[in-house]
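Below, chain A partners chain B and then partners chain C, in two separate complexes.
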Partner chain A sequence: MFRMRWRMVEHNAIWLLLGSGALAAAMFVPAFRDPENLANVMRQAAVLGVLAIGQTFVITAGMIDLSIGQIAGLVVVLSSAMINGDTAMTLPVVVLMLCVGAGIGLVNGILLNTLRLHPLILTLGMMSVIQGAIFTYTDRSIGRTSELLTTLANGSFLGIPLSAIAVALLVGAGHLALTRTRFGYHLVAAGGSPESARRAGISLSRIRLAVFVISGVTAALAGLLLAGRLGTGYPLAGNGLELDAIVAVVLGGTALSGGRGSVIRSIGGVLLLACISNLLNLLEVSAYLQMFIKGLIVILAILINQPRKGEA
Partner chain B sequence: MPLIEVSNLSKRYSGVAALRDVTFSAESGEIHAIIGANGAGKSTLMNLLSGVTQPSGGTISLDGKAVRFSSPQAAQAAGIATVYQEFSLVPQLSVARNIFLGREPRSRFGLLDRARLAADTRDLLERYSIALDPAQEVGSLSVAEQQMVEIARALTYASRVLILDEPTAVLSLTEQENLFSIMRRLRDSGLLILFVSHRLEEVRRISDRMTVFRDGRNMDTRPTPGMTIADVVQLMIGRTQSVPPAPHLVPPDAERYTIDYATGQGVQRIDIRRGEILGIAGLVGAGRTTFARALAGNPVPGASVVAQVNGAALALGTPQEAIRSGIVYLTEDRKRDGIFAGLDLVANTTASALSDLAWRGIRNRRTERVRSRAMLERLQLVAASLDLPIGKLSGGNQQKVVLARALLTRPQLLICDEPTRGVDVGAKAEIYDLLCGIAAEGAAILVISSETEELLALSHRILTMHNRRFVAEMPVDQANENDILLAASGGTPAKEFS
Partner chain C sequence: MTITRRLVLALAGISAAALMTTPVFADQAADAARTASAAEMVDTASFKKEGPLKVGVSAGYLANSWVVFALQHMRWEASLHPEVQDLIVTDASFNPAKQVSDIEDLLRQDIDLLIYWPVDDASVEDVLKRAVEAGVPTVQAGGGFSVSEGTVANAYISQYKLGEMVARQLMEDIGGKGKIVAMLPIAGTTAAVEQLDALEAVLAEFPEVELLSVEYGDWNRAKAKQITENLLQRFPSITGVYSPAGQMSLGMAEAFDEAGRSAEVTFSPGDEYNGWLKWVAANGQGGAVTFPTRAGQVALQVGLEILKGNPVPRGTAVPSEYVASADIGSLVSPDAPDDWWASDLPDAFLPQQ
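Right, the complex of A and B next:
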């Protein structure tokens, strides 16, 4: 009985943390509870939220994808350069960018299946390759994004940021895919025990491929949102986003060892990170100290995520 | 017509014959035991029948028609299902999801039909009277329950043949009985059950016929009634089983270890003298390993040990301290915490004695080699080379290497947890000899074993544990299998433990 309850607490730890943290912030920092500020937190969280959805799939399947930050960065630069303020170009470029993301994910997946590298090493290499490509293309901000993307990234509907609505829809789709489809079941099984999944007739290489394509597409989507926020193709836009996404996913209780994960809880992790970062800004904490604090949070997240003693 | 007919079946792995010209048949509605020592070809045969590997020659026929299984899925489609020794479950998923893994029912819109998944699972479990909650996470089940999940899953495919590979290795007595009654019911419903086992006593109780393998050939198929264990052993190893050596006498004035074992249920004191072999009997889960590990410096909350020799307390806080105090534990699960699978035999033997063999932290490879060779020779280990990774050795040889590692630390109290698990009949006799020799040289030896005959043959004295307590103590000449099993199951002990 106690075990059951403890499991409930564990599963929902992120909501407790987020709820109590936000409540305390609202009580002691008046600027935080300003509706406009809260909407801003959501807008800031949107990019990371989309990335975290993809990363949840990857980590639940027992892998990791470090290339997503740079994929987003590449999409920021490419889309801004190609649209260059011309709204009519938006749709074709968006489609193209999603294909770019899917393509890079596909390459990741194929390399993983053929070379049998550890995903950490492979995607670390891919991250550097894309970064190199971005800087070869441009070392300064380039182009201008379209009105449409800016509205999506910064606009509101009935006071709710459009980007938050978009993320909510994606979360719903992701959650359904992970918990209610055969693919989702197989992904969880493959992450929990690849050998057992293989013996049950599940194709591990197909799951790896699908997972990295999903990850690439969500990274491209995040890049489009980010371009909308920045307004221009800033080559450093994607730096570090992959780590933030991993931290958010881990905060959400997804096991780094695979086999256990929830898209919805990952979003909890994203919101927590966004609130903390917003709070530190409101309190005018220096950027360097913010880095320091963020590092501590990463360590804390891993600690929370560790399986407890006595639990198999 | 026999259900399965195998003729002239052979299998070679990179030139080495694992199976040679095997010909035998099995009928539907029988429990057919497949027995043989390690390396006799049982597993190879199972792998061929279940489509894991393909034969190098010969044919398999099902219902008189020649079949060729290119994958496990193909064999399953033909109605042959296998439950392997090591489980293939996903611990994070529920019972229901594990049973139907890879074949989940889908509703319209392509979503999973969770209601049907639950209903199908309940039907299946009810049909075979398996008491499991479909929604429970498999990782939280006991090993026996996990095996039931594994069997339930196999039953969803097994319309003709169910292959069970060493199914009782992890089960307690009542769980075994439960499994056997399910097996009998399945047999009576017309299934052929191929039952691979090391445990001859069980084979005799449950099987209708048996086929004995030796060196990749099938020696004979015989009806089980009328066969004695001695007959079977003769077929398996080609000679009668060597009788374990009679225990030598323990000098009455030998040094005495006093061990106080504290659990939530109080403190119990046991003792053991140098030169004595003390057996610990009990069912799986009785807490024998927990006690042994606590004694060797691995206490868990709620189980701790204070040990004295001649009134002086021993330091047992960590495995390192325990080894320095002369207490070494040989694990029951070599793969998990016994061997360094990728390292060679030298490194595996010297691992615990490096502080003696190294000079200020720098290893001396030559000394290590000499010492480990000497020790392994003493243990009569036959291996092609000391440079082999230990993972490539047979179970019996691995056990010898782990034993050699323990002996290099010159232990005074050696704890052997299931020392002959996964070890074939020939190597078993050698390990018995070795343990007796070590005891005769003055070490105290604690042997934990689930094979009561082994304890009866090896020990001077036998303690029985039940429910984390020592419940009975018997000198070996007053002990018998019945009393031990009774005490282990919580019945009235033959002699009250003081």
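Right, the complex of A and C next:
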């Protein structure tokens, strides 16, 4: 009975943490509960939210994708350079950028299946390749993004940020794909026990290919939102995003060992990180102390997320 | 096989489309035009406010001793004005997206003035515009200069001018011929971009000088040293080093020294980083072109004038100065650590050693 209750608490830990933290912040920091500030938090969380959706699929399948930050960075640079302030170019460039993301994800998946490298090493290499490509193309900010992408990234509808609405739609689609489709069941099975999944007739190579394409596409979407936030193609825009996304996913309770994951709870992790960042800024906590506090939270989350005795 | 071929064709098509969009870079003429606009007076009547005042500072990064000194200069200036009740500092840690969020958070705290130094000028342009539209004047401090709706005024040290002064002094010291290497800060940052533009413009006047390699040491002494060790392996002869940042010059000098090749090379002036100043004093070469940390103080002075509603120039220059190696004694602090800057800060505001 106690174990069942503990599991329930563990399962909803991110919401308990987010809810109690937000409630305390709203009580003691008046600026935090301001509706415009909360809209700010959602707007700031959108890029990471989109990245975390893709990373949840990858980690649940028992892998990891370190190239997503640089894919987003590449999309920021290319889309800004190609649109260069011309709104009419938005749609074709958005389609092209999604193809770029999907293409890089496909290459990751093919190389993983062919070379049998550890995904950490492979995507670390891909991260470096993309970063090199970005700097070969430009070593400085270029182009201007379109008004449309800027509005999507910074605008609101009835006080709700448009980017948050877009993320909510993606979360809904991601959640359904992971929990209500055959693909989702296969993915969880492959992540939990690859050998058993293979014996049950699940194609591990197809799963790998699919999750890296999903990850690439979400990274491209995040890059388009990021371009809207920045307004220009900054070559270092994607640096470090991959680690933030992994932290958010782990905070959401997705097991780094694979086989267990939730897109919705990953968004809880993203919102928690965004709230902490916003709150520390509002409390005028020094930047160095902010790093320290965030680091402690990450360590705590990983400790909570460790498999216990009796768990696979 | 078919999938692979299609994939290669698709990626080739995407690459071709991307490469057709060629980046446009700033040049010497753009810098001259930009500097000329510094003299324009800006009407600030709409920003007039009574105290107490809350000043927001959005730092693109704080993990750099120059920035720490510039911030201390700002705190010193704030202490001289009782109407400045609060100075709130955020650190974007070199992340432009975080800087956009930081500025949004500062605006939510009802600041009266925003001072910033950007990770990247263009990336914060939109959020700065929103700040100005909300009635919060913005002042850029440090090495950048922006003429945009989002920046009311600049307290600036021209990275281009600094790079040009450093390059011209190096050309003079090597006699206008030889093979040089360049060490720049983080690739993509305004500092790296403008210092490289300045070097290339000066080199166009010296056809007998060959630029062997351009490297990025990320304002990091250890990284600059490691890169230089590789450069020494690659090039049997290096006549000169272009390195406007003193902490990287110091790492490079160590690499030359350890390779036993110090005698062959002439160093350009670096900034007033104390470790570099000590090296200049000991070796009698290099000198300094200053990158004054009081730019932070000047930024707050300009900001307070704006809040009084007084017209201010678009740009208030904090000029770099050349100090020859023979005169370096006026800048160097032999007892202070290497990671220290020559400054006018009173003892109470000096960072802890």
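Here is the rule we go by: the second predicted complex is superposed on the first by the 308 of 312 C-alpha atoms of A that agree within 3 Å, B and C clash if a C-alpha of one lies under 4 Å from a C-alpha of the other, contacts with A are read in each partner's own complex, and residues count from 1 in each chain.
Basically, a residue touches a chain if its C-beta (ideal position, glycine included) is under 8 Å from a C-beta of that chain, and two chains touch if they have at least 3 such contacts.
The structure presented is a predicted model; accordingly, all values stated were derived computationally and were not measured.
Superposition model on chain A: chain B and chain C are shown accommodated side by side without a clash. In the superposition on chain A, contact of A:154 is made with chain C only, not with chain B. By the touch criterion stated above, A:275 is placed in contact with neither chain B nor chain C. In the superposition on chain A, A:181 contacts chain B only, with no contact to chain C.
In the superposition on chain A, A:247 makes contact with neither chain B nor chain C. More residues of chain A are in touch with C than with the other of chain B and chain C. In the overlay built on the shared chain, the residue A:47 is in contact with chain C alone; chain B does not reach it. Contacts of A:193 after superposition on the shared chain: chain B is touched, whereas chain C is not. Vertex at chain A: the C-alpha centres of chain B and chain C lie 130° apart in angle, rounded to steps of 10.
In the superposition on chain A, A:110 makes contact with chain C only, while chain B stays out of contact range. Overlay on chain A (Cα): least separation between chain B and chain C is 24 Å. Residue overlap on chain A between the chain B contacts of one complex and the chain C contacts of the other is empty. Interface residues of chain A, counted against chain C in their complex, comprise 31, 34, 36-37, 40, 43-44, 47, 78, 81-82, 84, 96, 99-100, 103, 106-107, 110, 135, 137-143, 150, 154, 226, 229-232, 234-237, 239-240, 277-278, 281-282, 284, 286-288, 290-291. By the touch criterion given at the top, residues 4, 7, 10-11, 14, 17-19, 21, 23-25, 59, 62, 88-91, 93-98, 100-102, 104-106, 108-109, 119-123, 125-126, 186-188, 192-193 of chain C touch chain A in their complex.
Interface residues of chain B, counted against chain A in their complex, comprise 72-73, 87-93, 97, 101-104, 106, 110-112, 114, 139-140.
Listing the residues of chain A that touch chain B in their complex gives 176, 180-182, 185-186, 188-189, 192-193, 195-197, 199-202, 259-260, 312.
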